[in-house]
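Some structures are shown below for you to check.
Look at the two complexes coming up: chain A is in both, with chain B in one and chain C in the other.
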Partner chain A sequence: MNFRSFSTALRQWGTFLGLLAIVVFFAWRLPETFPTAQNFLNISQQISMLAVAAFTMTIVMVMNDFDLSVGSTASLAGIVAAVLFAAGQPVWVGVTAALAVGVLGGVFNGFLVAYIGILPFIATLGTLTMFSGAAFMISDGKTIFGRDIPTEFAGFARFGIPLDAIGLEGAKLPLMTLAAVVVLLMVWLLLEQTTFGRRLYAIGGNRVAAELAGINTRRLRLMAFGLTGLGAAVAGLMYASRVASANPTQGAGLMLDAIAAVFLGMTMGREGEPRVLATLVGVLILGILDNGLTQMNVDSYVREILIGAIVVSAVAISAFGQRRG
Partner chain B sequence: MQTLCFQGLTKAYGGVPALSDVTLTLSAGRVHALMGENGAGKSTLIKLIAGVVAADRMTVTRDGKTLPLRTAAEATKAGFRFIHQELNIVPQLSVAENVLLGHPAPRRFGMFIDWRRMQDKAAAALASLGAEHIDVRQQAGALATGDKMLTRIASALVAEAGAAEPCLYVFDEPTAALTASESTKLFDVIARLKAQGAAVLYVSHRMNEVLQICDDVTVLRDGRHVLTTEIAKTTRVEIIAAMTGKPVSDAIPARTTPVGQGVACRVTALDTRDLSGLNLSLAEGEILGVAGLDESSQTAFLRLILGQGRIQKGGLEVLNGPAPTSPEQAWARGIAYVPRERRSQGLMLGMGVRPNALFPHLVDYGLLADKRAEVARTRGLADQVRLRFQGTEQPVGQLSGGNQQKVLFARAIAKNPKLLLLEEPTRGVDVGARAEIHGLIRALSTQGSAVILASSDLVELLGLSDRILILQGGRQMAVLDRQAMTPADLLARIYASEAA
Partner chain C sequence: MKRTILGSVAALALSAGALWAENVAVITPYLAQPGTQAYVEGFQAQAAKSGWTVNVIDTAGDVAAVIARIEDAVTQKVNAIVINVDPAQVAAGLQVAKDAGIPVIGMDAGSDPLLATNVTSNGYAMAAETSVYVANRIGGKGNVVMFVFDAFPPVQARGVIADAVFANHPDIKVLDRVTPDVQDGGIADSRAKMEAILAANPEPGSIAAVWAAWDQPALGALQAIEAAGRQGEGIVITGIDANPQAREAIAAGGNFEASVAQDFAGIGAAAADAAGRVMKGETIKEPVIYVSTVMVTAVNAAQ
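Right, the complex of A and B next:
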C-alpha cells in the first residue's frame, strides 16, 4: 500500500475512527453508566428521530440538493396528527394525514426546485417558514397533550421487544429504534440497489449530463423531495409519540442536526458523496456525543459548542485531505 | 532569448512513470508541436514546465543559463505563458477585467479602480493580437468562443511589472473548442507571437494544423521521447507511426453499402427560437454532416431532435413519429446523443465507467438492479470501443480524454441506436482512438443507423458524411453533396455563408 492510498483510506475511515474514539473516551470516563447495554438501547431510541430525518435527507443530498424545511415539516406533521386525535379521529387517520402532509410538503419543495427552478436553499427556506406558520395556525400556537393524545399512539414510543432471549434480562429493543432501522434499510435499498437511486446519484454527479443522457431529472427531483418530506413527517410523528404531545416548534432542532449528520457521513465517501450508511455514522457521532456529554454533566451550551466544533473539524480535515489526495 | 532547453524531464505518479527523461529544446521565433496519444505524457510535461507539478528531475536552461522553475510563480517570472483548452474566463466580469485578471488593477488614489486605464490596457493587449473588434467593456460570458480564447490569450500577454517579457507561449489544444474560422484567427495570432520572437509550444491532436503552422515537432509515446524533427523534413505518416508505435492510417473508412430506403428524420420548413427555415430529410444509414461557424445553432439543431427546445413553425418527424418531447423519450425511442463538452455535458466524472456508460439504459432486474449483468454489459461495450481502463468501477475522471470520449460513445451505441446525434465526437482524441471512433460511426451507418454529425473538423466531416448541412446564424445555408468536395471547397462554402 503506497502513501497515497493509505492517506485516502485514512480520510475515508477517519470519521469512523472518530466515532470509535468517542465511544472509547466515554467508556473510559463513565465506566459505570456509559458502556452498558441499557445505555446503548437508550441512545438508539434518543437518536431514532434524528436518524429517520437524516436518512431521508440523504436522498436529496445525493443530488446536491438539500431541504431546510424538514424541521417544520416534522412539527407540522405532529400537529396535524394531534389536532385530528383531539377531534376524535382514530389513530390511523391522524397518522395517514400527517404522512400525507409530509409528502405533499416535500413534493411542493420539489416542484419549486425542479420545475420552477428555485435554488433549494431559497425554496426550502421559504417553505420552512410556511410550514412552521401553518403548524402555529392549525394548533393556535398551543401544545396539544394529555387526554387528546390516544394511548395507542403515545404507547408506540414506550414499547419494545424484550431481549431476554439474548441474555439481556429486562432490556427491550425500542420500537422507535426498530422503525429507524427499517427506514435505514429502505433508504439503503432505494439509493444503492435500484435504478431510481442510481439516477439520483447521476443527477448529483452532473445534472446537465444526466438530463442529456435521458434521465428525467425534474420528475426524479420532485419524487426525492417528496420522500424527504415523508421522512420528516415520520420523524415528527415519532417525536410526538415519544413526548405524548405536539407543539408547533418541536421539530425545530431536527434540520441542522440532520444536515450535519449527512455532512459528517460525506467525509467518508470516495468522492465526498453522501451514502446512507455513512449518514448513520454521522447520526451516531452526534447522538453518542450528546448522551455522553450529558452524563458527564457538561453544560448544555458548552455541549453545543463542542458538537459544532467537532462537526466543523471533521469536515475540515476531510476537505484538507481531499485537496492533498 | 535564443533557445530554451528542458532536459531530463522525469515524473512518476505513485511509482508509475508518466514522463521519463524527456528533453525538449525550443527556439525563439519557431512554433514547436508536441504530439502524442492520450496518456503519452503531454499534459504532465506541460504541468512540469508550468511549475504546477513538482518534477522528479528537470533542468531548464535559457541560452545556456540555468533557470529556476519549481513553482507557477517562477514560471510566470521566467516569461512562460500558458493557454489551456478550458477557457478560464470569468463570465460575470467584463472583458477588460478578464484580461487583467491576476494582475493588480490600476487605481486612482490607491483605492478606486481606474476603469479607463484598465480598459486601455486591455484594449492594447487585444489590439496586439489583432482583436480590436472585441469591446472590452462587455461581459466576457457574452463573447463567442473564439473571442473568449482571444481574451484568454490577451490576458497571458499582459506582463506584470517587473516580470520578464513573455518568451514562451504554450498552447494546449487551443483549437479544440474553436470553429474553423476562429482557428484561422488563432493561427494569425500565433504567427504574430512568433514574429515578435517568442517561442511557441503547440499541443494538438490535429495533424493538419500541426503540418500547417508548426516548424518543428516532438513526439512522445508512453512518457518517452520518440522523435524530434523539422516539420519540413517529415511526413504525416511518419508522425503517426511515431505516436502509435505502429503504422496506423488516419484515413476515414469510406461508405461501402448504399444508403437505406426508409426515412429516419424529416424536417419541413422548421422554425424554433434558434433555428429557422430548416428543410431536409435524412435516410436510414445516411450520415449528415453539420458545419458552420457558430456551434450554438448546431447544438440547437441536434438538441431539438433530442427533445429539447420547442417547435414554433413547421414539422419535425423523427423515426416515423412526432419529435420527442424530452431526452428521456428520445433515448427510449432509439435516439442517442454525444454532447459537445464531454466534461460538463457528458460525464459524471466522479462516478465509475459502468454507471456512466449505462445511465440511459438502466434496467431493474425485478425489484433491484442486477450489478453483475451491468458489469458484463459494460465489459462488452468497453471491448467494442476498445476502452483502456482499469475496471468497470474506475471513476471516469481518471481516464484520459480519449478514453472518456469512448465512454460517451459506449453509452451512445449501447442499444444500437436508430438515430445517432454526434457533436465533435473526436475532440481532443488521439489518432488511434479517432480512427476507432470513425470506424464505429461507419459500422453503425452500415447497419442502418442514421447519423447527424456536427463537427468543426473538416476532414472528419468530408470523410464520413454523405451530405453536409451548413448552418449559419440558425439558418440553413445549403445542403451539399460531399462528392468531389475538398476541405478547401467546404471552407469556402462556410465562409461564403458567413459573409452572406
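Right, the complex of A and C next:
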C-alpha cells in the first residue's frame, strides 16, 4: 500500500476509527457500566430523535443545500400535536396534522430555495424564525403537558420490545430506536437505491450539469426539502413523546447537532459527499460522547467544547486529506 | 510482579474510594438562570462538607437530554440524583431511576410520586407574608387591587391566601382582581390595567393598596401610579419573588414597599440534606420540604 492510498483510506475511515476509539476508551474507563447491552440500548434511545433529524437532513445536504429550520419545525410539530390533543382530538389526528405541518414547512423551504432562488442559508434562517414564532403563537408561549398529553402518545417513548428471546433478560428494544432504524432504512433506500437519490447526488455534484442532463432540479429540491421537513416533524413528535409535553423551543437543539452529525459523516465520503450510513456514525459519536462523558463526571461545558473540537478537527483532517489526496 | 502488585493496590484504592465517596448527579436544563445557579451553589457547599462527589450536568434547555442524563447517572450507579426541572416532563427518566432503586430529589422541581421529596419555598406562606403586610399597613381598611394569575398553579395558590386574608378584614374591599396578560413579561399589561383602574377611581385615597402575586405586576402598577402623578397618595404596593428590579424599586423607598425572597441557596442546602438522609436509607415522609423565605423591605432590599 503506497502512501497515497493509505492516506485516502485513513481519511475515509478516520472518523469511523475515531468512533471505535471512543467506544474502546469508554469501555476501558467504565468497564462495569459502559459496554453493557442496557447502556447501548439507552444510547440508541437517547440519540433516536437526533438520528431522525440528521438522517433526513442528509437528504438536502446531498444536494449541497441545508436546512436551518429543522429545529423549529420539530418544535412546531410537537406543539401542533399537543394543541390538538388538548382540544380533545385523538392521537392519530394530532400526529397526522403535525407531520403535515412538517411536510408543508419543508415544501415551503424548497419553494423558496428552488423556485424563488434564495440561498438555503437565508431562506431557512427566515423560516426558522417563522416556524418558531408560529409555535409560540399557537401555544401562547406555554408548555403543554400533563393531562393534555394522551398516555398512548407519551407511552410510545416508554415502551419497547422485550429482548428476553435473544438472551437479554429484562432488556427492551425501545420503540424510539426502532423508529430511528426504520427512518434510516427508508432514507438509505431512497438515497442509495433509487433514481431519485442518484439524481440528488448528481445535483450535489454539479447542478448545472444535472440540469443540462434533463433533471428537473427544481422539483427534486422541493421534494427533498419536503422530506427533510417531514423528518424534522417526526423527530419533534418523538421528542414530545419522550418528555410527555410540548414546548415552543424544545426542538431547537436538534438543528446544530444534526448538521454536525452530517458533517462528521461527510468526512467519510470518497468525495466528501454525505452518505446516510456515515451520518449514523456522526450521530453515534455525538451520542456516545454525551453518554460516556456524563458517566465519567466530565463537566457539561467541557463536554460541549470537546464535541465542537471533534467536529472541527474531523472536518479539518478530511479537508487536509482531500487537498493532498 | 512488583508492577502487578502496585497496579492491584492502586485499583483497590480506586474502587474503595468509589465505594466510600457518595456520588451525586445534579441535573438541570436551567443552569444559566440565576436562581438555579444559587440552588446549585448552595447544594455544592453543603455536599462539600459531606465529601460527596457532585457532578453538575446542564443540558442547556434540552429537557429530553435531562432524561438521557438521568439514565446515564443510573447506569453509572450514582447514589442519588437531584433534578431542577418539572418532574412530569422527565417521568421516563425518573421511572428508570426508581426501577434501579436510586433516589431522586427535587430541587424546586414540583412534587411527584417518583421523587423522594421536593425542596422548595412555600407559596402559601409567601402570600400570607405580603397580604398581611398590606392589611396591617392600611390599618385593615380600604380598597385593594389584586394582581393574580390563576392559570399557573403555584401563583394561583398565592392568590387564594391573599383572598382569605383580605376577606378576614371586614373593612377591606377588593376593588378588582386583575389577571394581566403575561406574554410580554407582565409589566406592560399590568401597567395598562392599573392605569385604567386609576382612571376609574380618581379620588385620592380611593385605592389603598395593590397586592401582586409576583413582582412584575407590582412594578407595572408602580409605573402606572407614578405616571398618573399619584405616588403621593400613600398607595402601598407589594410583590413576591424579590427580583432585582423589585429590590431596586423597594430600596428607592417609593410605593413599592415589600416583596418576599426565596432562599435559593438555602433550598440547595436543604436538598443536599434531604439527599444525605435518603442515601442513609431514610424514607422522607413529606413529599415537599419547605425552606423559609425572607421578607424584603426598604430596610434590607439593597442586601
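Throughout what follows, the second predicted complex is superposed on the first by the 325 of 325 C-alpha atoms of A that agree within 3 Å, B and C clash if a C-alpha of one lies under 4 Å from a C-alpha of the other, contacts with A are read in each partner's own complex, and residues count from 1 in each chain.
The rule we apply is simple: contacts are C-beta pairs under 8 Å (C-beta built on N, C-alpha and C of every residue); 3 or more make two chains touch, one makes a residue touch a chain.
None of the values given here were measured: they were computed from a predicted structure.
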Inset, instruction - Quick one: on chain A, after the overlay, do chain B and chain C clash, or do they fit? Just give me the call. - result: fit
Inset, instruction - Would you check which partner chain A:Ser313 touches, where first means chain B only, second means chain C only, and both and neither mean what they say? - result: neither
Inset, instruction - Pick one for A:Gln46: touches chain B only (first), chain C only (second), both, or neither. - result: second
Legend entry - Superposed model, angle subtended at chain A by chain C and chain B (C-alpha, nearest 10 degrees): 140
Legend entry - Touch count on chain A, higher of chain B and chain C: C
Inset, instruction - Would you check which partner chain A:Gln38 touches, where first means chain B only, second means chain C only, and both and neither mean what they say? - result: second
Legend entry - Touched partner set for A:Glu211, first chain B, second chain C, both or neither: first
Inset, instruction - Once the structures are superposed on A, label A:Thr151 by its partner contacts, choosing first (chain B), second (chain C), both or neither. - result: neither
Inset, instruction - Check whether A:Thr129 is in contact with chain B, with chain C, with both or with neither, and answer first, second, both or neither. - result: neither
Inset, instruction - Taking the superposition as given, tell me the minimum C-alpha spacing from chain B to chain C, whole angstrom. - result: 37
Inset, instruction - State the interface residues of chain B toward chain A in the complex, per the touch definition above. - result: 14-15, 306, 326-328, 330-332, 337, 339, 344-351, 355, 359-360, 362-364, 367-369, 395, 411
Inset, instruction - Within their complex, state which residues of chain A touch chain B. - result: 2, 4, 189, 193-195, 198-199, 201-202, 205-206, 208-216, 270-271, 273
Inset, instruction - Within their complex, state which residues of chain A touch chain C. - result: 30, 32-34, 36, 38-39, 42, 46, 49, 140-141, 143, 145-146, 157-158, 239, 242-245, 247, 249-250, 252-253, 290-291, 294-295, 297, 299-301, 304
Legend entry - Touching residues on chain C, where the partner in the complex is chain A: 23, 31, 53, 55-65, 67-69, 71-73, 75-77, 86, 88-92, 95, 183
